[in-house]
Amino acid sequence: MITLASDFGSPYPAAMRGVLLRRTDARLVDVAHDFPRQDVRAAAFWLREVLPWFPPAVHLAVVDPGVGTDRAALVVRAGEHALVGPDNGLLLPAARRIAAESPASPSPSADETGDDADGGDDPDDAVEVFAYAYDNPDSATFHGRDVFAPAAAEVHEAGVGALETLSAATPAAEFVDLAFPEPTVREDDATGRALAVDGEVLVVDDFGNAITNVPGEVVRGRDAVVVNGERVPVGESFASVDAGERLVTVGSHGSVECDVNRGRGDEAFGLAPGDAVDIELGR
Amino acid sequence: MITLASDFGSPYPAAMRGVLLRRTDARLVDVAHDFPRQDVRAAAFWLREVLPWFPPAVHLAVVDPGVGTDRAALVVRAGEHALVGPDNGLLLPAARRIAAESPASPSPSADETGDDADGGDDPDDAVEVFAYAYDNPDSATFHGRDVFAPAAAEVHEAGVGALETLSAATPAAEFVDLAFPEPTVREDDATGRALAVDGEVLVVDDFGNAITNVPGEVVRGRDAVVVNGERVPVGESFASVDAGERLVTVGSHGSVECDVNRGRGDEAFGLAPGDAVDIELGR
Amino acid sequence: MITLASDFGSPYPAAMRGVLLRRTDARLVDVAHDFPRQDVRAAAFWLREVLPWFPPAVHLAVVDPGVGTDRAALVVRAGEHALVGPDNGLLLPAARRIAAESPASPSPSADETGDDADGGDDPDDAVEVFAYAYDNPDSATFHGRDVFAPAAAEVHEAGVGALETLSAATPAAEFVDLAFPEPTVREDDATGRALAVDGEVLVVDDFGNAITNVPGEVVRGRDAVVVNGERVPVGESFASVDAGERLVTVGSHGSVECDVNRGRGDEAFGLAPGDAVDIELGR
């Protein structure tokens, strides 16, 4: 199985499908081809949320503002999965999430020595990054078709466990990483209790839900919180409030989102990706 | 075979694909994921028009404004097909259409007793509705991934004929139904002849064609009719009129639609879903 | 394998999928269903750019402003591929490109006599056009579902090599052809050297790149050219210039395109399909 994800819109993904199908009989499954254009962070977020739901697969993902420059191509092994794409951070959050959730994740330091300082569950232990050497194609603008799709087909045919046998793949000493911003907690100076969490909108989904980096536990069980100065009810489901009303929920990805029942949260809250979301928790 | 339909846009449908593929090797076929958002009636219309063209399959369909409330999950058997989705009326029009068109539709009252008052072809006889019990997932906002996709996979693996063997499925005594509005016919008081039909726009398609609930027979064979007060030619095909000109056709779904050749009928006629379409037939 | 392409948007392509799947177990692969509406030239361009990347397949393509008129249905054989669609020129550029690139392209005049005036590689020799006879369906507005999908399934099941055995298919003496406009070269009267190329925008892709009919060789290796009166750098990749800056590249299709790094070339250059693009080459 090979999944495909990109910001290519249409019809460029079809050229990748053709290239793959010339090289493999693998089942092809689209993830999405309308990631926010050239927005590596947003795409990395969505890959992290979606790819771990798949059974073992090769995941071809291309959001690549640096196409045609000397940025490397990567193959990342995570459990029984492999991710193929540009060396710009895109693949790492998904790879770590897959490795963390994989029951079969090989974790050599823990398995063999038992002395993993992080307790043996550090997904970094199970994420192996390979550089994939390629010849620059005639055109320097469509590596999805000319570099990454052939690489994904080769990885699929060789098998995720056999990356070491590919002449093009060599363990990468360095690669571009990507981390999502962490929220900060403000505490009561006297008591040390959490008073507020200052977070950020990571992405806005197609429903207009503004998805933040604030963990769901912050709001779960509360009736309401104050978001950027305005009191908003906390609901388990959109229908907790009347149609058109604002609410805060814990989304399907486990983090706080700013929503409107049957409407667009981004518009009602005035929020876009990167905007600050300060959540006051009250007493 | 499992078909997928939703109003999720992108990339949420990919999480459903992953969940399905962890549970089944079935072929997955997308119907659409851009149904008008949370518009159960429009989605029910499109499912009714599209699903009957498929061979026997499990149809996973999620347009679900009530997600996270106590609305039930349904599995509806229609002929050799099964439909899986929320209990909000979404599935019923398609199920009845499939049952009505299915040569193998089991129609016990007719088959066994021969005394079906409706002539033995009542599709309701062949539509069997089951409630599908589920545990509420941690997140109450994505039942497509957490409830309906696993249910569809289970139904597929068990087989449409074996719904009775599923511990989660029990015949539903009550469920939410959905009927499209019926047009009304105005007749000449003296002669009783039909003078006009008052209908309604059910949906507007991607071409801008305003599709009504008025049966095609009303206009078929006529040269022109008066639509909302203005005379419009009736054409067999869009090209019956010049580019940019308005016309009325019998669409591929068998009902009257208000179109423009190479243009958008909704804009030219000033029509949106739910708007009245009064068609005067003349003498 | 059957590929599907259209300007149908959603959800009409799903009806074609259903019709196909009732008739064949072939793998279905979407090319695109959002070609510019009823724009045969743009769709023919994209089919030509995308379909040759596929392994041998039946390609169902429908962009069909003349649906319901007496325009014919065609099956075009090109190498080991077949293309099925309306007789409006849509299929021919892709068929010729496939035939030209096919190592196995049968080219009888060249193979058998060796006297092909064009050198034996004329793709027209390997493109065979058949008219496909069909009964007009009840509805004259959705031949994609009612005519072309059944035809594509029949061609797939018979095999591309067996078109002659289909009772509906007969060699077409006449058909609608489509040629993209050719650029014109302006030369120095004295020296005969090329001074400029007057081309045209064929399509704008989803990134906003304005793709012209000017061959890439015209600009390759130059530092800059003058496009419609303004000097613009020539870059190998988008990242050759700063974000937001304009450039000219040789796109993945081999022709000159007017781009903006991380932006939309069509807007920055003020270009739409059909617009003139005059490229002065300097000395």
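Think of it as A, B and C in the order they're written, each chain with its own count starting at 1.
The rule is short, and it goes like this: contacts are C-beta pairs under 8 Å (C-beta built on N, C-alpha and C of every residue); 3 or more make two chains touch, one makes a residue touch a chain.
Computed from a predicted model, the values in this text were never measured in an experiment.
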item	value
Magnitude of the superposing rotation for subunit A and subunit C (Cα, nearest 5°)	120
Subunit C against subunit B, contact positions shared by both copies (same if over half, else different)	different
Whole-Å gap between the CA centroids of subunit B and subunit C	35
Overlap residues in subunit A, where contacts from two or more other chains coincide	none
List of subunit C residues in touch with subunit B within their complex	8-12, 14-15, 17-19, 21-22, 28, 37-38, 65-69, 138-142, 145-146
Footprint of subunit C on subunit B - complex, ascending	1, 3, 5, 29-35, 46, 49-55, 205-207, 236-240, 249-252, 254, 262
